[in-house]
Structure formats: C-alpha cells, structure tokens
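Structures given as structure tokens follow.
First chain A sits with chain B, and in the next complex the same chain sits with chain C.
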Partner chain A sequence: MNAALRRMSGLLSAYYAYMTAYRAELILWALANSLPFILMGAWYQAAENGGYGFSGVEVARYFLAVFVVRQLTVVWVIWEFDQDVQRGRLSQYLLQPVDPAWRYIAAHLSERVARLPFSALIIALFFLLFPPARFVPHASDLLLALVFASLAFALRFAMQYTLALFALWTERASSLEGLMFILYLVLSGAIAPLEVFPDALRAAVLWTPFPYFIWVPARLLSGGVDVDLVQAALVCLGWITLFVVLNRVVWRRGLKRHSAMGA
Partner chain B sequence: MSDAGTPIIEATGLTKSFTVAQKDPGLAGALRHFFRRRTKEIRAVTEVSFTIRPGEVVGFLGANGAGKTTTLKMLTGLLHPSAGSCAVGGWQPFQRTRDFLQAITLVMGNKQQLMWDLPTVDTLKLNAAIYGVSDAEYRARVDELAAMLELSDKLTQPVRKLSLGERMKAELLAALLHGPKVLFLDEPTLGLDVNAQVAVRHFLKRYNAMTGATILMTSHYMADITALCPRVLVIHEGALVHDGGLDELMRRFGARRELKIELARAVERGALDALGEVLSVEGSVARIAVEPAQLVSVVGRALAELPVSDLTVHDPPIEEVVGRVIGKSQRANHAETGT
Partner chain C sequence: MARLLRILRCYWSTSLQAELEYRSNFVVQAIGSSLALAGSIFALSLFYRGAGFPGWTFEEGLVVQGLYSAFAGAIACLLSPNLSRIVQHVEAGTLDFVLLKPIDAQLTLSLRVLSPWGVPDLLFGIGVIAYGAWHAPAREGSVMLAIVAAGFGAIIIYGMWFLVATTSVWFTKIYNATEVLRGLLDAGRFPMAAYPAAYRFVFTFVVPVAFLTTVPAELLLGRGQPAMLLGAAGLALLLLVASRAFWRFALKSYTGASG
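Here is the complex of A and B:
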C-alpha cells in the first residue's frame, strides 16, 4: 500500500510540474470552457422575461456553477490516449511496472490543481462584472457539490477512458467521444438546467450517467436540487462500477490485440 | 534471476507475423478498401533461436526491416510471439509481471521517455517513484550514473535545451535508474556525433563491467559493435543468419576497411586501382576498400607512391558486413535447394 501511495505521489508531483510548465495553455483551457457564460447571457434574458421558473440571477448562478463544475470535471484522456497509441508512447508506458491508467489519472488530477488559480481568477472577474450573481454557498451545499463533482469526474473519466481503449483496435477512438459529446451537451445540463425538461423525461434521464456530469453538482452548488441524493449517488456509483469493470475487460483484450498487431 | 551458467535470454523458434491491410492507390482503391478490406500476412521474424548468458554484450545486426526491433519487442513483452517462445530471466516477457519489468529496460534511439519541457530530474523522480527506488538509493544511483555520463550539471536543464548527445545520455540515466539486469538497446547512438557516440559506448562498457548487466543492442554503426560486442547475431528477412563471435564474423566475411585518401594533385586512375577496389573518386578525394590483412602494406604504398595530403581509415558501413553475411547465407540456401 505504501509503495502504491508513493508511486501515486510521484506521478502527481511529476505531472503537476508538467502542467505548470504549460501555464499559458492552462489559461486558454480555462477560458475555452467559457460556454456556460455565453449560454448564461441567452438564458438570463429569457428568464427575466419569465416563464422558466427561474429568475435572471438564479440562471446566472446556475451557469456560474456549471462553469465551476466543468473546471473540476473536464476529462481529455481519449485524445491523450489516441496520441499515445499513435506515437508509440503507450509502448514505453507498458515497459514500466505501473498501469498507464494511473498516469492519466495523475495527469488529470494535477491539471485540476494547476488550473485552479486561473479558474478562480475568471470567477472573481465574473463577480466584478456582474455583482448581483455574487453568492456564497452553504457549507453543506458546497461539500455535497464537491462530493458529486468528484463522482462526476470519476464517472466521466471511467466512461471516456473506456471509449479511449478502442484506440487499441482503431488507433483513433476520439471520434466516439464526438458522438458522446452530443448526448453530454443536451442531457448533462450544460446547455440548460434539466428543470426545463418535462418531468417524465427528466426522471428517465436521471437513470443515465449524463445529469451527474454537470446538473446535479451545479444545482447543489447554486442552491439545491430536487432529487433524491442517495439514489443519485447510488446511480452514479453503479455507472462508475460498470465502466471500471468494462474498462478492465476491454483493456485486457485490447492489450492482447495491441501486442498481436504491433506495439 | 539466472546464475552465470544458465541463459538469461532464451529465444526458441521465435516467430512473429502481422496482418497488414492492403490498399490500391487513388479514389477507387480507397472505396474498395472501405467496403472490402484486403489483408496480407507479413512474417517479420521466422523461427529465431538463440541464448544469451548473464553479463554478455551481444550485437544484433540487420538491415532496416530485417526484424531486429520486432525481436526486441517480443523479448521486452510488447509483442506476443505468433509461434515459438522466449524467456528473459526466467520470465515470459508478454506476461509483463512486475518483477520482469523491474529487471529490464528498453532504450530506443528514436523514441524518448524523458518529459520534453521539464528538466531530466523530474523524469528521474517519476521513474524512482514508479520503480520503488528509495530516496537513498535514488541519490546514490543518480550521483554515480550522472558522474559516469558527465551529466551532473545538466540534470536541472529542460530536456529540450539539451544537445542530442546529452539527451541520449539522460535517456540512459532514466532507463537505468532502477538497476535493470537486462538492457535492450535499439540504436542507442542513432544520429549522435562521433564524440557523443564514443561517450555512450564508453559508458555502456563501464556499466556492463561494473554491474554485470546483460546487453543486447542493435546499431547501424560498426564502431558500436566492434567496441562493445564480442558476439553478434545477424538477422536477415526475419531469419537468424549468423550467431557467433565478432572476430569470427570479420574473418568469415572479410569485412574490408575503407581508406579515404585526399590527394594534393590528380593521379592516374590505375594508381588507385592498384591499392584496392576504388569505391569513389570525388575531386581530390578517393575512397578505396581494402582487405584488412593488406591494410598496413596498402597504407605504406599509398604514402610512398602517391601525393597524399591526408589519409584516414574507416570501418566499413555495417550494411557491407551484413550484406556479405547475407550474400553468403543466400548462396548457401540456393546451393541447398539447388536453385
């Protein structure tokens, strides 16, 4: 266990150094996730005109929370893995006694920490430009939001890394993520809070992984969500377990194929 | 791990085939390829067998595409053999057990494991964590290896700022940090200038003498092989065509030396032909292939009879040595089959 912890801390510090070497890129990545602010503008106007059950300020807070959750949960492993397979880096990773998955996890976690100051800066700027949206979440809401954001990250990572493994057959799995991204945009709450969905549709969507990526943690952060949190956590954990199991099966088969076809 | 008597690397009938997609050129070819994919089986390595004892340094020679890298990848567990078997230190490489991975390293001259934008020391710390190297061991090994590689003052510079030679030395340092017992080196001096090549060779020789590590290396530079490898394996079109001492290889296949003569003034072509096989004459510079046994007398004659302003002796290109081995093995095959 100690050896495993030491390995992970070594991976984390190396990848943190790696991420901070790309400071300028980190600002751009943080800014590239500014879609919620654009959507906020559109929905704010609509909410002010009434009819959505949200006030303009609630809409602004929701999309700000969406921005925060996206900063905490962004996953890019599928593009990284594609590149690693194509450029032969995966072969080098396979020569070392640590599963490459831990490298990708460490890279994502380190990037999160390295990105934090820039995300905070953007949020501060937003509050400066739009004072009515300023709010301090309750400690319990914040804690719950962080728990669900962590689950969201784990689920999104497990799902995307599983799709990424198909690069062991096709050398380019990122097109699969393109397909998944459409569902992600519509069903996760990234474009609109799921309250705008009809009740039956929302209830059905709650059994899929998508609302847990953004909507649940963002609503928790911006003032509470009307869902059974125990059930939400269980659904989330169920999907994580499913994708982790699937991931290991696909990994073993993919590796066999990779080592048969040329590493 | 094996003792000195038993082989540390063992390949028995090692074979690897790949299925490769075939596509005709142009739009029609692309469409046909989309709807009905044609494939062809390519055999990269055919029934290769050899054993290597602990501490041996063995050169692995062959033209591009001969099957060297494929064999190395099977021995390091990256490729699963299609037939035959191999064992390294008693482990089946393709099972990639932790103990096996701790015991080996693979350095490829055309690939890098160092993190490009970070100093070497960051990759070293990462490797120390991955391989479970203790802090004390880490410091001792880095100090020792960096001193041997004359790299101590370069470890905190970003890798991208290092010269090609320094980068290869840093790659070796990172690859050897965990003290592997078996080193697989694929073209470790590729693209390096002569000084850097000499430094890498010198290091490998000392490392082998100090640690008793086994080394199997491929190279395109004859000087690497003559400096390091008492024994060589030659592979051609996937099959092993020679396994024996380097001296024996040179004796059997009479690798010629290359004499490069710069002349102060033009001479008759006949005067050059008298020295050996004239490979080229460009301006005032002539390249002549000479049998090793005649080298001293030919050099003496050249200096005495020609207006020589400069004279150097080079190793023959590895392709020439391998070409001779291959030529001989093909002639032998044809004789056997009567073709």
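Here is the complex of A and C:
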C-alpha cells in the first residue's frame, strides 16, 4: 500500500512539473472553453424575456458554474491513448511495473491543479464585468458540489478510458468520442439547464450518465435545491462501477490482442 | 490563371485520394453530423418553449442553424485542414519547402488540402436552410443577396483564421489559439437577437460572427437592410488585405526551423 502511494505521488509530482511547462497552452485551453459564456448570454436574454420561471442572474450563475465544473472535469485520455498506441509508447509503459491507467489519472489530476489559477482569473474577470452575478456558495453547497464534481470526473474518465481501449483494435478510437461528445453536450446540461427540458425527457435523461457530468454539480454549486441527491449518487456510482468493470475486461482482452506497431 | 487551376486540381485530387483511404470514417462522420444537427435543433426548440428569440419565428431560427451547420462543413472541408498545417509546417521546419515553390505561399497554405469530411454537415445544413426558408413567414427575400452575403462571411472567417494561424510563425504552438476562435464561432448558432446588447456588440465588431450566419439569414428571409451587405463587403475586404499584409510581415521575421 505504501509503495503504491509513493508511486502515485511520484507520478503526480512528475506530471505536475510537466504540465506547468505548458502554461501558455493551459490558458488558451481555458479560454477555448467559451461555450458556457456564449450560452449564458442567450439564456440570460431568454430568461429576461420571461416564461421560464428563473431570472437572468440565476442563469448567469448556473452557466458560470458550468464553466467551473467543465474546468474541473476535462478529460482527454482518449486522444492521448490513441497517440500512445499509434506511436508505440504504450509498449514502453507496459514494461514498467505500474498500470498505464495510473499515468493517465496522474496527468489529468495534476493538470487540474496547474489550470486552477487561470480558471480563477477568468472567474474574477467575469465577476468584475458582471457584478450582479457575484455570489459566494454556502460551504455545504460547495462541499457537495466538489463531491459530485469528483464523481463526475471519475465517471467521465472511466467512460472515456473504456472507449479509448478500443484503440487496441482499431488504432483510432477518438472518432467514437466525437459522437459521445455530442450527446455529452446536449444531455449534460451544457447547452441548457435540465429544468427547461420537457418533464418526461428530463426523467429519462436522469437515468443516463450524462446529467451527472455537468448539471448536478453545477446546480449544486449555483445553489440549486431541486436535485435528488440520493438518486444522483446511486445512479452515478452505478455507472462508475459498470464502466470500471467493463474497462478491466476490455483491457485484459485488448492486451492479449495488442501487438506493437511494426511487429 | 489556367496554370493555377491545374495546380489546384492536382492538389485537391491527391488530397481527396489520401483521405478516401479511410472510407468507413465517412459513415461515422455522417452519423456525427446528423446527431449534431438534431442536438442543435433540440437546443433551439428549448428556447421556443419560452418566448423564443424576439422577432424570430422558430423556422427563421432554423435558417440560422442551417447556415451555421453549412459553415461548419465548409470549415471542415477547407479551412481547418489547411490552416492547421501551417502550425505543423512551422514546427517541423517544412514551411521552407512551401516558400521555395514557385507559387504564392499564402495560396498554397490556404488551399493545399480538400477534405471530404465536412460534406455531410454542408449538405444537411443546406437542407435545413431550405426547409426553414420554405416554412418561414413569406417576405421579399433574396437568394442572390444571401449567397453573396454568405460568400463575404466565408472570406471574413478565412481572414480571421489566417491571421490567428500566422501568429504561429512567432509562437510555434498555436493549435489552441485556433480552438479559441472556433469556440467563439459557436455564437453563430443563434441569431444576434438572441443575445444581450453587450454580446451583440462583441459579435459584430470584435469577433464578427454576426456576418457569418445572421446577416445572410436576414437577407434570405427579406428582413435585412442592404446596408448590412455593404458592411460585410467592407469587412471582408479589410480582413483579406490584413491577412495578406500580416503574412508578409510575419515572413520577414521567419528564420527557418533552426533559426
């Protein structure tokens, strides 16, 4: 156990150093995530025109929370894994006594920390430009939101890493993620808070993994009360378990089939 | 001119042949395009569960969505495969070979590759435009003016994209800068009437997304003033000249991969 912890902390500090070397890229990635702010404008206007039962300022807070949650839960393992298979780096990783999954997890976690200052800067700038939306979440809301954001990250990572493993067969799994990403955008609450979905649709969507990526943590962060926490936690944990098990099965099968490039 | 066309035909037929090695990818792309389109029509319908965009019916909103989708297709066909290569050229030092060829370098860099993967988006987009325009309230629209406006829109986005990509001569790694631009283009999914005044200002004068989708849609639906066309033409010309001047300026400080 101790050895495992030591390994993980070694990986984490190595990847943190690596990530900070790309500071300029990190700030561009943070800026590239402008979709929440664009939709914030459209939904702010729609809420002000009336008919939805929430105010423009509430919308602004929700989409700011969407931005924060997306910064905390970005996952790109499928592109990394594709490259590692194509360029043969995976073969080197396999020779080392650490499952490659831990490398990817360490890279993702340390990137989050490296990105934090830039996200904070953007939030501060936003509050400066639009003072009415300023708010401080309650400590309990913040804690809950962080717990659910962590679950969201775990779920998204497990799901994408499972899809990524198909690169062991096809060498190009990232096109699958392209399809998944569209569902993710539409159903997760990234383009519209789930409250505006038709009721039957919202009830159905709540059984899929998607709303747990953004809507649940963002709602909690922006002070929402209309989330059934028990159901959310159970459904979310259920999906995580399913994908982790699936991941291990596919990983064993894929490894048997895997032969390095050029072999 | 005839020589240029011949070269262009060689460029495009070779790049198409290279891409068509991945034929099965086409099915994935077509599924992706239809999913994306369904998703954005769903998003539009959510706005119309409330009051909708002031002054725009749902069908008129569809025309804007269709234009966005068609632009996304055109970008995937021509713009992003070419201009993302500028970055690679600078990084790998192969920009030298492009510069040495006896043909204008900006032209080669901008039109070298034609990729078929944007075609589904382009076709679906045109379909949605036609459907929306057909069902929109009848006014005196002009297809010709709309096409001209969309052409100016295409030049505007090319100019912006080329300006950003050219900065890679100094900064080398600029993949993400074009991602920032691509992200901002998402604002073109909705007519400008959907946004608060501050956003409209930004999307007209800072990142002129308004000229891509809203202006052509308004002309097609017969609700725009021809003055907007003049603005679009001026901006297109300005960006074209600026991209040219900036490229020449950048080349002055280009020293090859080892410099």
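The rule we apply is simple: the second predicted complex is superposed on the first by the 257 of 263 C-alpha atoms of A that agree within 3 Å, B and C clash if a C-alpha of one lies under 4 Å from a C-alpha of the other, contacts with A are read in each partner's own complex, and residues count from 1 in each chain.
By definition in this document, a residue touches a chain if its C-beta (ideal position, glycine included) is under 8 Å from a C-beta of that chain, and two chains touch if they have at least 3 such contacts.
Just so it is clear, the model here is predicted, and its values are computed rather than measured.
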Consider chain A as the common anchor and indicate whether chain B and chain C clash or fit when overlaid.
fit
Looking at A:29, would you say it contacts chain B, chain C, both, or neither? Reply first, second, both or neither.
second
Could you say whether A:42 touches chain B, chain C, both of them, or neither, answering first, second, both or neither?
second
Return first, second, both or neither, reflecting whether A:179 touches chain B, chain C, both chains, or no partner chain.
second
Tell me the contact category for A:191 with respect to chain B and chain C: first, second, both or neither.
second
Of the partners chain B and chain C, which touch A:98 in the superposed model: first, second, both, neither?
first
Using the superposition on chain A described above, determine whether A:13 touches chain B (first), chain C (second), both, or neither.
first
Pick one for A:256: touches chain B only (first), chain C only (second), both, or neither.
first
How many Å separate the nearest C-alpha atoms of chain B and chain C in the overlaid structures?
5
Would you mind listing the overlap between the chain B footprint and the chain C footprint on chain A?
none
Please output the residues of chain A touching chain B within their complex, sorted ascending.
3, 6-7, 9-11, 13-14, 17-18, 21-22, 88, 91-92, 94-98, 256, 259-263
Show which residues of chain C lie in contact with chain A when the two form their complex.
25, 28, 31-32, 35-36, 39, 42-43, 46-47, 49-51, 53-54, 171, 173, 176-177, 179-180, 182-184, 186-187, 190, 194-196, 199
Inside the complex, what are the residues of chain A that reach chain C?
24-25, 28-29, 31-35, 38, 41-42, 44-46, 49-52, 175-176, 178-179, 182-183, 185-186, 191-192, 196-198
With touch defined as at the start, can you tell me which chain B residues reach chain A in the complex?
18-19, 73, 76-80, 82, 94, 96, 98, 101-102, 104-106, 111, 113, 115, 117-118, 122-123, 125-132
